[in-house]
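In what follows, structures are represented as structure tokens.
Each of the next two complexes has subunit A plus one other chain: subunit B in the first, subunit C in the second.
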Partner chain A sequence: MFTVNKKVDKILTLYLPLTMLLSFTIFPIYWTLNTAFKPEGDIVKRPLQYIPVNPTTENFVAAWTNVGFATFFKNSLIVGVFTVIAVLICSTLSGYALSRYQFKGKRSFMLMLLCTQFIPRAMMIIPLFVIFKNLGLISNPLSLIITYTAIEIPFTTILMSGFISNVPKELEEAAMIDGCTKLQSLRHVVFPLLLPGIVATGVFTFIYTWNEFLIALMLTNQQSKFTLPVGLSTMMGEFSINYGALAAGSVIALIPAVILFAYAQKHLVNGMGGAVKG
Partner chain B sequence: MIKKKMTTSVLALTMATGMLLAGCGGEEKAATKDTKKAATKSDEPVTLQFWDENAGPARTPVWEEVIKRFEEKNPNIDVEYVGIPNASAKSKYDAAIAAEDTPDIGSVQTTWLPEFSIREALLPLDSYFKKSDISKKINPSATGVNKKITQDGKLYGIPYAQNLDALWIRTDWFEQAGVKEPKTWDEFFTVIEKMRDEANNRYGFTIRGGAGASFTIQRAMFAYSGLDFFDKNGKTNINDPKHVEFVEKYFSYYDKLTPKSDITNGYKEMIAGFDTGVVAMVHHNPGSYGEHNKALPAGSYKLIPLPTTEKGQYVAEGGNAVNLAIFKSTEHADEAWKFVEFVNSEEAQSYWNQQTGQIPTNSDVLDDEWVQDAQHIKTAFEVYNNPDTKLYEPPFYLPDYRAILDGVVDPGVQAVMSGKMSAKDFLDEWAKAIEDSKAKYDQTFKK
Partner chain C sequence: MSLSQGVTETAINSKKTVNRKKIKKDKWVPYLFILPSFLIILGFLFYPIATVFYYSVQHYDVSAPYYNGFAGLENFKEIFTTDKMFIPSLINSLKWVVSEVGLQLVFGMILALLLNQTFKFRGLVRAVAFIPWAVSGVLASTMWSLMFNEHMGVLNDLLMKMGIINEPQAFLANTSTAFTAVIIAELWRGIPFFAITLLASLSSIPDELYEAARVDGASRWKSFIFVTLPQLKNTIVLTTLLRVVWEFNNVDLLFNLTGGGPAHSTTTLTMYIADLAVHGSNFGYGSALTVVSFGILLVFAILYLKLSRYEKE
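Right, the complex of A and B next:
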């Protein structure tokens, strides 16, 4: 009797809410997948098809070749990878400084870093446009890499300083007693222990650049330089939406993020745990 | 030693970045110089950048074909197409104008012309237009509105397509129910009631309560009253008792005889309701023809004009058009005009409007066979060509006209629909916003 009650309790308090949550989260993704594999006529047909009756891959072909997703994908990848590299270098070094050194104005500096996160992105558009126009960087991926790096650094610096604080100072000191220089102790002792934090920061940065729309739209005046979110939005006209190709494009856009999370999941959990503890 | 190495690395990195930036900038500057050079010799290749304010799967390929045809006829001119999603197009133009980095040619809505011309972003096209053959073909009322709404009375945009608010109806349902198409507003309200079919989860009408609701309610109100936007004393008619009466009745159908989700209905939701067999009538324009054509069997739907006023008059909004404008920053104004002229030629307008379901402005297109066969275009023409049709002209020239629609009217519609505000208070608030804006405008420009 007791075991039955325990089982019911577990179902009611654990499995049921988790199943509800999961179905709530997964349904839109499932519907996108479902739509991506339906021919145009079946998408708006009634009764609704919960499983494609005439499955087709033509939407993927249309999105990839006709709409130019291959180019948008490549552009997003370039911007994402270089932004992650730049953000990781800057935020690891500045995070180390914030974590290990005491200096005048450290608290105010951190407060200022936090404050930059409250500036609405839309407010920055015109100044950014003017700056990059003067630099001749409109429609150049470098403008996006620089902007995203600048936007992400304050938050990731604070994040990294949390991870670094979690690595005992004594380990560095021990390495230095063993003959390591400061930089060698950083490279051989601190960085390997920081890996989960670095992965977590990198993943967050990549996802931000992968999804960002407004700045990418404003700083790009050439179709061939559009990133994925901008490319996706051009598939929704005022009076027409290519639902099939849009869904297929969204699935394509999802793939790198899913792969990234699948590989980084372990590090991500460890990393976030570290940040919270730190 | 390490310190030295690090300093060297940092310096190298800084220099590399600097060189990269300078390199890219240099390339761009060199390119600009080259195009400037090209402008001096007419036979040398010229590249024009063209921004489309409503890119999408339906229009982008059509523009690409028009551009291809233009380039075949003008081998020394390349047109670079940049498609901008409709929802972000105005912000993109705003940023480009502020940063003085505009394209050569842009597709712009009529409502943007006054603001862009005040900001001195556009090139007046009067002299080009006067000399061109298209001046005899393009609908004079559409170009007339464009001149009338700008502060200096100049022509800044050539309308290549116009639009008209109308009703799409499910003719098959009307036949089954033995209901006649509504011709007057009273009949329209009766049809909403008659076409409600609870057993089949069908509604007679769907109200636009989400994005773009302001345009729909404004056009419906004036189509009902037949009033001008301002009275003889310059006071707006927005909160006229006739409009209060209409808005009260119109929104009273919400959630009783129209779907509950109407309060957030934008274009997509409204058209999806019609195309998936949930509603019998939808207030839109011929532009959604492509969507209905894909989703519904031929002959099961058609376009009818908005109901007439008590006096039997059709009312349409002046300036419901989309234009090609040349930006002042262009270094190739003559070549840009060639493109504008081509897009407004019979050949290009006929192709563009047939593919997109919009109404051509070039009178030569009216005789084309496809126009005779396209019920929705013919209906729109009948309204525009009806001598009794009245055009009311909203004050597009007010710099914050669009901001009032987005910031006061759209939320106001939702407040009335949800019962948080009365129709009278809503229209009073709207009228006050318009009058305050007009007073500011008159004061600034001493009109």
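Right, the complex of A and C next:
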């Protein structure tokens, strides 16, 4: 009797609400996949096909070659990779300084980082457009790489300083006592222990650049330089939307972010928790 | 920090003097380390912000350059007196922020409480539940536009099967449904943020507190109210404040799902500014509006600074 009650209880307080919330999460993704694999004629056909009757990959071919998703994908990849490199270098250095040193102006620097979190992104688009226009970098991936690096550094610095603080200072000092130089102890002791944190920070940054829309829209005006979000957005705005290709393009944009996210989410959850708690 | 330093110094007492010397010699090292970050933030976050303030008191219209020059407070005067979009878009911003943050907090809390329990495949379920967090606003827009669509949308099909509506609706083109539709789509994307941060705090609540509550005969609801909520208070307040700022600034879905329409019914203040910046060329006026919206957000920023630990340290 007791176990039956417990089971009913578990269904009502765990499995049922969890299933409802997960359906809400999964269904839009499922519907996009479902649409992407349907031939154009079947997409608007009634009754609606909840599972594709004649699955096809023609939408993916159309999105990749005709609509230009190969180019958008490449652009997003270039911007993402270089931003991640720049962010990791900067935030590891400044995170290390915050975690390991006491220095004059440390509190002001941290306050400066915090303040950036309250700068409205929309506030950035007009001046950034003017700055990069003057520098001749409109529609140049460099403008996006620099901007995204600046935007991401504050948060990733706080994230990295948290990860670095988790590596006991004693280990580093013990290595130095054993005769390592500062750099050697960083490379052989701190870096390996820090790697999960570095990966998580890199993934976090990459997903941000992969997804950012408004700044990319403002700073690029040639279709050949569009990132994925801008490419998707212009495609949505067109008068005759090819729904199948739009869905396929969405799937193409979705896959890298979701794979990276699934890989790093555990570290992100820990890091986010730490960062938000302060 | 100073405490752990003290512990370390005792731990390697014999090398104390060596360390002292090292610390003195390395005085400039932390500054070298923060230099790249400092310069990039200064040049590409703080400098642009400063120029927004400068532009806001200028006539700066790319399409009418002959008229450009110092404007004083004229842009601001125009915002508060003749601009017919300002007040409605501010009200929409308020509606947007309150409903988004409120709903995301409630559902995020429910999800976090569920995912904090032990069950099979918890790791996998967590990963799946958090996926929308990795999905961009534009991507969420394309996904939901496929579902909201009048001709092929699955939502119409489902609602008609359930007998709630009789004929297909154009949810995004209808003034009575467009706002709700965008809120649902953004809610989909926003729940994981609260779930993730709340889950992190939930797992740090000591079990003893719940055990004590159980011994005192507290029901599940009561232990949530008297144990969980007080323990989560700080996280809730801080993430809510952060989220308010974030959602206030968030235009990706509005831009792509409705474009602010129909009949400006989904134009928030940030959406209005973004539209001015992208489609318009009146940078002076857009900058003045930006400064006004910054002033509104400043209230939340100061609240955050006051409440977060940075103030107490």
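What we mean here is this: the second predicted complex is superposed on the first by the 258 of 278 C-alpha atoms of A that agree within 3 Å, B and C clash if a C-alpha of one lies under 4 Å from a C-alpha of the other, contacts with A are read in each partner's own complex, and residues count from 1 in each chain.
As a convention for this text, a residue touches a chain if its C-beta (ideal position, glycine included) is under 8 Å from a C-beta of that chain, and two chains touch if they have at least 3 such contacts.
Computed from a prediction, not measured in an experiment: that's the story for all the values here.
Subunit A superposed: clash or fit between subunit B and subunit C?
After superposition on subunit A, subunit B vs subunit C: clash.
Looking at A:Leu14 after the superposition, I want to know if it touches subunit B, subunit C, both of them or none. Which is it: first, second, both, neither?
second
I'd like to know which partner A:Ile126 touches here: subunit B for first, subunit C for second, both or neither.
Both partners, subunit B and subunit C.
Could you tell me if A:Met112 is touching subunit B, subunit C, both of them or neither one (first, second, both, neither)?
After superposition on chain A, A:Met112 lies in contact with subunit C alone.
Please work out whether A:His188 is in contact with subunit B alone, subunit C alone, both, or neither, and reply first, second, both or neither.
neither
Have a look and say if subunit B or subunit C is in touch with more residues of subunit A.
Tallying touched residues of subunit A, the top partner is C.
Between subunit B (first) and subunit C (second), which, if any, makes contact with A:Lys6: first, second, both or neither?
Touch status of A:Lys6: no partner.
So, A:Ala253: does it touch subunit B (first), subunit C (second), both, or neither?
In the superposition, A:Ala253 touches subunit C alone.
Of the two partner chains, subunit B (first) and subunit C (second), which one does A:Ser94 touch, if any: first, second, both, or neither?
Once the two structures are laid over each other on A, A:Ser94 reaches subunit C alone.
Under the contact rule defined above, give the subunit A residues that sit at the interface with subunit B and also at the interface with subunit C.
Subunit A residues touching both partners: 44, 125-126, 129-130, 214, 217-218, 230, 233, 236-237.
Okay, in this complex, where on subunit C does subunit A touch?
Residue list for subunit C touching subunit A: 1-2, 4-5, 8, 11-12, 15, 19, 26-27, 29-31, 33-34, 36-38, 40-41, 43-45, 47-49, 51-52, 55, 107, 110-111, 114-115, 117, 119, 123, 125-147, 149, 151-152, 154, 157, 188, 191, 196-197, 199-201, 204, 220, 234-235, 238-239, 242, 245, 248-249, 251-252, 255-256, 259, 270, 273-274, 277-278, 283, 286-287, 290, 293-294, 297-298, 300-301, 304-305, 308-310, 313.
Going by the contact rule set out above, which residues of subunit A touch subunit C in the complex?
Interface residues on subunit A, with respect to subunit C: 13-15, 17-18, 21-22, 24-29, 31-32, 35, 43-44, 47-48, 50, 89-91, 93-94, 96-98, 100-103, 106-107, 109-131, 146-147, 149-151, 153-154, 157, 169-170, 173-174, 177, 207, 210-214, 217-218, 228-230, 232-233, 236-237, 243, 246-247, 249-250, 253-254, 257-258, 260-262, 265-266, 268-270, 272-274, 276-278.
Provide the residue numbers of subunit A that touch subunit B in the complex, in ascending order.
Its residues touching subunit B are 40-41, 44-46, 67, 125-126, 129-130, 133, 135-138, 140, 142, 181-183, 214, 217-218, 221-223, 230, 233-242, 245.
Can you tell me which positions in subunit B touch subunit A when the two form their complex?
2, 6, 20-21, 24-29, 49, 54-60, 80-88, 91-92, 95-96, 98-101, 103, 267-268, 272, 275-277, 287-288, 290-291, 294-295, 356-357
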